[in-house]
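Two complexes follow with subunit A in common, the first pairing it with subunit B and the second with subunit C.
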Partner chain A sequence: MTETTFGFFDEDAKKEIRRALLKAISLPGYIVPFASREMPIARGWGTGGLQVTLSIIKEDDVLKVIDQGCDGSVNAVNIRDFIVSTTEVDTTSLTAKATVIQTRHRIPEQPLTENQILVFQVPVAEVLTTVEPDTARQKNMHAHREYSRLWVLLYEDTAQYGDSRISNRYPVEINDHYVMDPSPIPRYDIPRLNNNPALLLFGAGREKRIYAIPPYTKVTPLTFVDRDFQVETFPGISCKRCGTSDVFFDEIQGVDGTYYYCSDTANCDSMLNRKQNAA
Partner chain B sequence: MSYVAIQGGAEAISASKSLYQKMIHGNFLAKDAQQAPLLFGLDRIMSEGALYSQQLGLKAIKSSGCDLLEAAFYLRAHRSTCQRVGRCSTITSYDIRTIRRISSASKEIPDGQMLGPSSDYILKLLTKKQSFSSKPTKCRATTGQQVASALDELRKQNKIMQPEVNEEEPFDITRSSPLPPYPRSSLMQMMARGETGSMLGFAYTTMRGYGDVHPTIGDLRIGMVAVVYPHPFTGNEVTVGEIRVTAVETVGSFKKDPIDGKLRLATGFGFCFGFNETKAIAMSILDLALTYPSFSIGGTGVATSAEMIIHHIDGIESMGFTNHFKLPHYVTFQADLHTFNTAGEHRDD
Partner chain C sequence: MLLDIQYLSKIYGESCGHCLEQTGDEHGRAICPGCQSVVAVNRVNLRVEKDEVLGIVGESGSGKSTLLQLLYRDIKASSGRVFFQDMLDSDGLPVDILKLNLLETTVMRNKLMSMIYQNPRQGLNFLFSAGGNIAEKIIGAGERHFETIRSRALHFIDKIELPISRIDDYPETFSGGQQQRIQIAKALSSSPKLLLLDEPTTGLDVSVQAKILDMIRMLQQEMSFSMVVVSHDLGVIRHLTDITVVMRNGSIVEYGLTDQILEDPQHGYTQLLVSSIL
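Here is the complex of A and B:
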C-alpha cells in the first residue's frame, strides 16, 4: 500500500485535472470531459468539486467549504475534514480569509476578490440536458450555438406561469457565446456571477465534466428582451439572528410562525459581530 | 427553538458514524451477532422477497452463499407455502419509531432533524483507520408519539397535490395480475418488492436526463413500526411484532391541480421493509415520475411509463428469465440456423 499523497491523488491524476481546468478556463463556459477519479465520498455528494479543489490546492492555501451557504452543515464538514486530512491546509469560515472556497448551491454574500477561487459542486453539467438528453446531439447544438429549444422551454413556462419555472440552475450565457449550467445556485446568485473578480471553477464528478468562468467574464441569464430577469427577493424580511436584510434567506417553520435566517452563516456571524461591536 | 449559525455538523457526523458502527457490529438493533453484519443484506432480501422473517432471511442468505438475488428468491418461494391469515391494520409512516429522520427541504423541521446511524459520511477507504466518536452515543428511537411528516406544514397550507384515489380497496398483486390502466396501489406494491438495483437504475434515468425529476427529500425516516392485527378470537387489536421499515416523501415540481386549477407541488412516496434508503428514495422518485408524467420537460422517459416499470423491476422475475438462457435451446437454435441458412441462400441467388 502506498503512502497517502498530498491532496489524495497521485500527481498524474492532478496533472490531468489541471489540464482540463486550463482548457476550461481558455474556453469560458465550454464543457471539458475528464476521467473523473473514484473518490471515498459518494458520487453526487461533491466529488467533482472535490477533485477540482484537491488538484489546485497548495500548502499555503486557506480553505473554506460551504453547503447551502453554511460552513457547519454535515456535508461541508465532511468534505472539509477529508481535504484537511490529505493536505493539512488551514481552514476558515471567513470568506475574506479564504483563498479556495468549495461550495454547493450558493455564492458567498461577501464579494469575492482576484485572489480567490470559487469551486462549485455540479450535479448536472450540461445545460441542454432538460431539452436534449443525448450527449452527441448536445455537443452538436453547442457547436452551432443552437439554443432554440432552451428558449422554447423558457417561453412555454413564461406563457403559462408568467416566468420560467427554473428556480435554480438557471441557464446563463458566458461571454456572449456558450450557454452554461451555473450549478444549482438560486436565481439570487446568478447576477453575482457576472464580472466576478474571482476564478469560478465547476466540477461534476459523476458526469465527468469540468468547466469554468474566468475572472471578469460577462455572464448573462437567458431572458427575453421584454422581460427582466427575476431573482428571489425577501421584501421587509430581516435575519432573526443578525438583523441583516437584502440577503438570501432560509425559511424556518417554527411552532409559533415563520422565521428567516441568513443562508450564508459566515456572513451572519460577521454581521452579528459588527452589530455587537457597534452596540 | 434554538438556532446557531454554525450547526453541530461535526458532532452530528461523528455520532452518526459511531451509531452506524454499533449497528453493524451488533450493539444495537440486532439480537444476535450473526445477524448484525448482514443487516442491510437481510433487510434488502426481506423487502425484495416480500416476506418479513429475519430467521428465514438469514437462512436464505446462507443457502444462497450470499447471492442476494437468489436469497430473495428463496424468501419469495417460501411465501407460496404460507397460508394467508388476514390483513393487519394500516400502518402509516407517522407510526414509525424513528431512529433516523432527515429532511433536505429545510434546515429545521418540526420534531427536528435526527441524523441517526448512517454510512453517508463514512469515507470509503479500506486502508485508512477511521476515528469514530468515543463519546457514548445512544441511539434514541422516538417512542409512543406519532411523528408528522416534515411536509405536513405545506400540506396544511394546501400547497401539495393529493393524487386522486379511485380504488375502493387496494389492489393485491399477490392475488391477481394488474392490468392497464394500472392502479397506483398495484404499482406501489410492485415497487415495494422490486429489486433495489433495477429501481435505482430506472429512477436514475429520470433524474439524470430522461425525465425532469430532481427531487427534494421532504421526509426520510427509518425505524421500527408495530404490526397490529385483529385477534382471531376476540377481534381485539393486538400487536404481533415490530418490523424495520424505511419511508420517504419527496417533492418534485409544481403543476396545475386538475381539481381546482391551482398550482400545487407534486410529491412521491417510497416505502419498503427493512432499512434500505436507496430503494425507498428510488421508489418515491418513480412514484413521482409515474403519477405526474406530464412533468417531464424533456419529453417522456422510461421511468414515466407504468408499463416499463411494472414489468421490469422485479428481481426474482428478471433474474429467473435471464438465467433461463442457460437451459438447452437446441431445438430453437436449430430452427434459427435453418431460417438463417435459407435466408443466406436466398441472398446468394
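Here is the complex of A and C:
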C-alpha cells in the first residue's frame, strides 16, 4: 500500500489552492477559479470545502465537521474520517474547541472567534446564475457592480408576496462591493456573517471556485431601504430534547405531530449538559 | 443642442482603410470594392436639439437602425464621436459617449436615453413581470426604496393605459400592442432626455399603430424629451417628427423639415421614396 501525503494532496496541489484562497481573501466576495482536484468522493458532495480544509489544515488543528448543523450525519462523519485518515488531527464536536470547522448549510450557533476558520461547502458559487447564464457577462456585471437584475427579483417578490421568497442562498453584498452567494445557509445565519471575527472560506468543488469573507467584514443582505431583512423566527418553540429556544430548529414530522429539535446538535448537547448539571 | 454626432461610422469586416471614401451615396454602394467590407454607417453628422423629434427614413439596409444602435451602444462604432448635453467629465469637458465603459453606459441608458425596439423581446426581459421590467430601469438609475419603485411602476402602467391590476403579469401574457406599450413605459420610467425608437409600430395592426403613436406624442409633450424615430413608414414620420433625414447606403442624403421633405423632396432617392409610398 502506498503512503498518502499529509492532507491527501501533494504540496503543489495544496499550494495552488492556497494561492486561490489568498486571492479570494484579498478581494472579499470575488470568485476565484481554481483547479478542483479529483477526490475519493464525487463532486457535489462537499469536495470544494474538503479541498479548502485539506490545504489549510495543520497538525495541531482541531477539526469539527457539520452537515446542516449536525456532527453525526453520514456526510459529516465520512468527511471527518477522511480528513483524519490523511492528517491524524484531533477532532471535536465542541464549537469553541475547534480551530477549523467545515460546514454544509449552517453556521454554528455559538459565536466564532478570531482563532477559527469556517469552511463552507458551496453547490452554486455564482450569484448571478439565476439572472444571467452567460459566464463572460456575469464577470462583466461583477466588474461593474451591475446587480440591478437581482434587485428586480427582490422587487417582484416584495410586490407579490411582501418579501423575498429566497429561503436560503440569500444574496449578500460584501464590503459594499461584490454581491455573492453565501452558500445555502438559512436566512437566520445571514446577519451572523456580518462582522464575524472568524475567517470564512467558501469552496465549490464541482464549480471549481473559491471565495472568502475575511474577519470583521461588512456583510449586508440585498434589502430595500424601506424594508427590513427578515429572518426565520420560531415563536413559542423550544427544542424537544434540550428545551432551548431562540435558535434555528429542524422540524421533524412524527406520528403524533410535529417536533422541533436544535439544528446545531453540538449546541443542543451542551445545553442539555448544562440543564442536567443544574438539576 | 442635446446630441451631437460627428463623423460616426460603422464598418463590418476587416477595413482596408479606404472603405469610407469608396462607398456612400455618391458611389451608390455600401460595400467597399477594395476589401468587401460593409459600410453600414458612413461619416454621419447630425444634431438633435432639446425637445426636437427627428425622423430617419431610408430603405432596408440604409443604416438607419445601425445608427440608432450605435447611439445606444448596442454595437460598437468604428469611428466618430458622439456628445450628449450635460455628459461632462470631472474637468467639465464633454465626454464622448462612444468611449464609456459598461457601468457608465448603464448609467447613460438608465438616466439619459432609452430605446424602444421594433420587437418587444429585445426591449423587455421576458423573465421579469411588466412591473419588474419597469423596475429594472428605475433600479438601474439608483433607486433603492421599494415604495418609490412600486409607485412609479404603477404610475407608468397607468400612463400607458393598461389596467394596473396587471402590473405583476409576465410579458408573454400580453398582446403585441400591449407589450409595445410596456416597452414604452419601461423606456420612459427613468425620465430620459432622449428616446430612441426603432420602427416602434411596425408589425402592429393599423388601429393599434395609431393609438401607440398618439400615446408617444402625448407623452412627449407632457414629459418633454427629444426623440429619434427610425421608420420606413412615412405615415409614422409625418405623424411624429419635426425634422427628417433620409439615409441611403450608410450616408445622409437629405435633411430638412418633415413637411418640406415630404412635400418637396430634392434628392432623387427621396423623390422616389415619397412618390412610391404616398
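Operating definition for what follows: the second predicted complex is superposed on the first by the 277 of 279 C-alpha atoms of A that agree within 3 Å, B and C clash if a C-alpha of one lies under 4 Å from a C-alpha of the other, contacts with A are read in each partner's own complex, and residues count from 1 in each chain.
FYI, a residue touches a chain if its C-beta (ideal position, glycine included) is under 8 Å from a C-beta of that chain, and two chains touch if they have at least 3 such contacts.
Remember, predicted model here, so these are calculated numbers, not experimental data.
Student: Once subunit A from each complex is brought into register, does subunit C clash with subunit B or fit beside it?
Tutor: fit
Student: Between subunit B (first) and subunit C (second), which, if any, makes contact with A:Y155: first, second, both or neither?
Tutor: Only subunit C is touched by A:Y155; subunit B is not.
Student: Output check: A:D71 vs subunit B and subunit C. Expected answer is one of first, second, both, neither. What do you get?
Tutor: A:D71 sits against subunit B, while subunit C stays out of touch.
Student: Should A:R227 be classified as contacting the first partner (subunit B), the second (subunit C), both, or neither?
Tutor: Only subunit C; A:R227 stays clear of subunit B.
Student: What is the angle, as a multiple of 10 degrees, that the CA centres of subunit B and subunit C span when seen from the CA centre of subunit A?
Tutor: The angle comes out at 80 degrees.
Student: Of subunit B and subunit C, which one touches more of subunit A's residues?
Tutor: Of subunit B and subunit C, the partner in contact with more residues of subunit A is B.
Student: Which holds for A:R145: it touches subunit B only (first), subunit C only (second), both, or neither?
Tutor: A:R145 sits against subunit C, while subunit B stays out of touch.
Student: Thinking of the overlay built on chain A, is A:C262 touched by subunit B (first), by subunit C (second), by both, or by neither?
Tutor: Touch partner of A:C262: subunit B, not subunit C.
Student: Touch check for A:S183: first (subunit B), second (subunit C), both, or neither?
Tutor: Neither partner.
Student: With both complexes overlaid on chain A, what's the closest CA-to-CA approach of subunit B to subunit C, in Å?
Tutor: It is 5 Å, taken between the nearest C-alpha atoms.
Student: Shared contact residues on subunit A, subunit B side and subunit C side combined as an intersection?
Tutor: On subunit A, the overlap between the subunit B and subunit C contacts is residues 131, 153.
Student: Contact residues on subunit B for subunit A in the complex?
Tutor: 1, 3, 5-10, 12-13, 16, 106-110, 115, 120-121, 123-125, 127-128, 153, 208-210, 212, 214, 253-254, 263, 297-298, 301
Student: Under the definition above, what is the set of subunit A residues touching subunit B in their complex?
Tutor: Touching subunit B: residues 1, 4, 40-42, 45, 68, 70-78, 81-82, 93, 123-124, 129-133, 153, 161, 165, 240-241, 250-255, 259, 261-262, 265-266, 268-269, 272 of subunit A.
Student: For the complex, which residues does subunit A have touching subunit C?
Tutor: Those in contact with subunit C are residues 131, 140, 143-146, 148-149, 151-153, 155-156, 158-160, 224-227.
Student: Please name which positions on subunit C make contact with subunit A in the complex.
Tutor: 101-103, 106, 125, 127-129, 131-133, 135-136, 139-140, 144-150, 167-168
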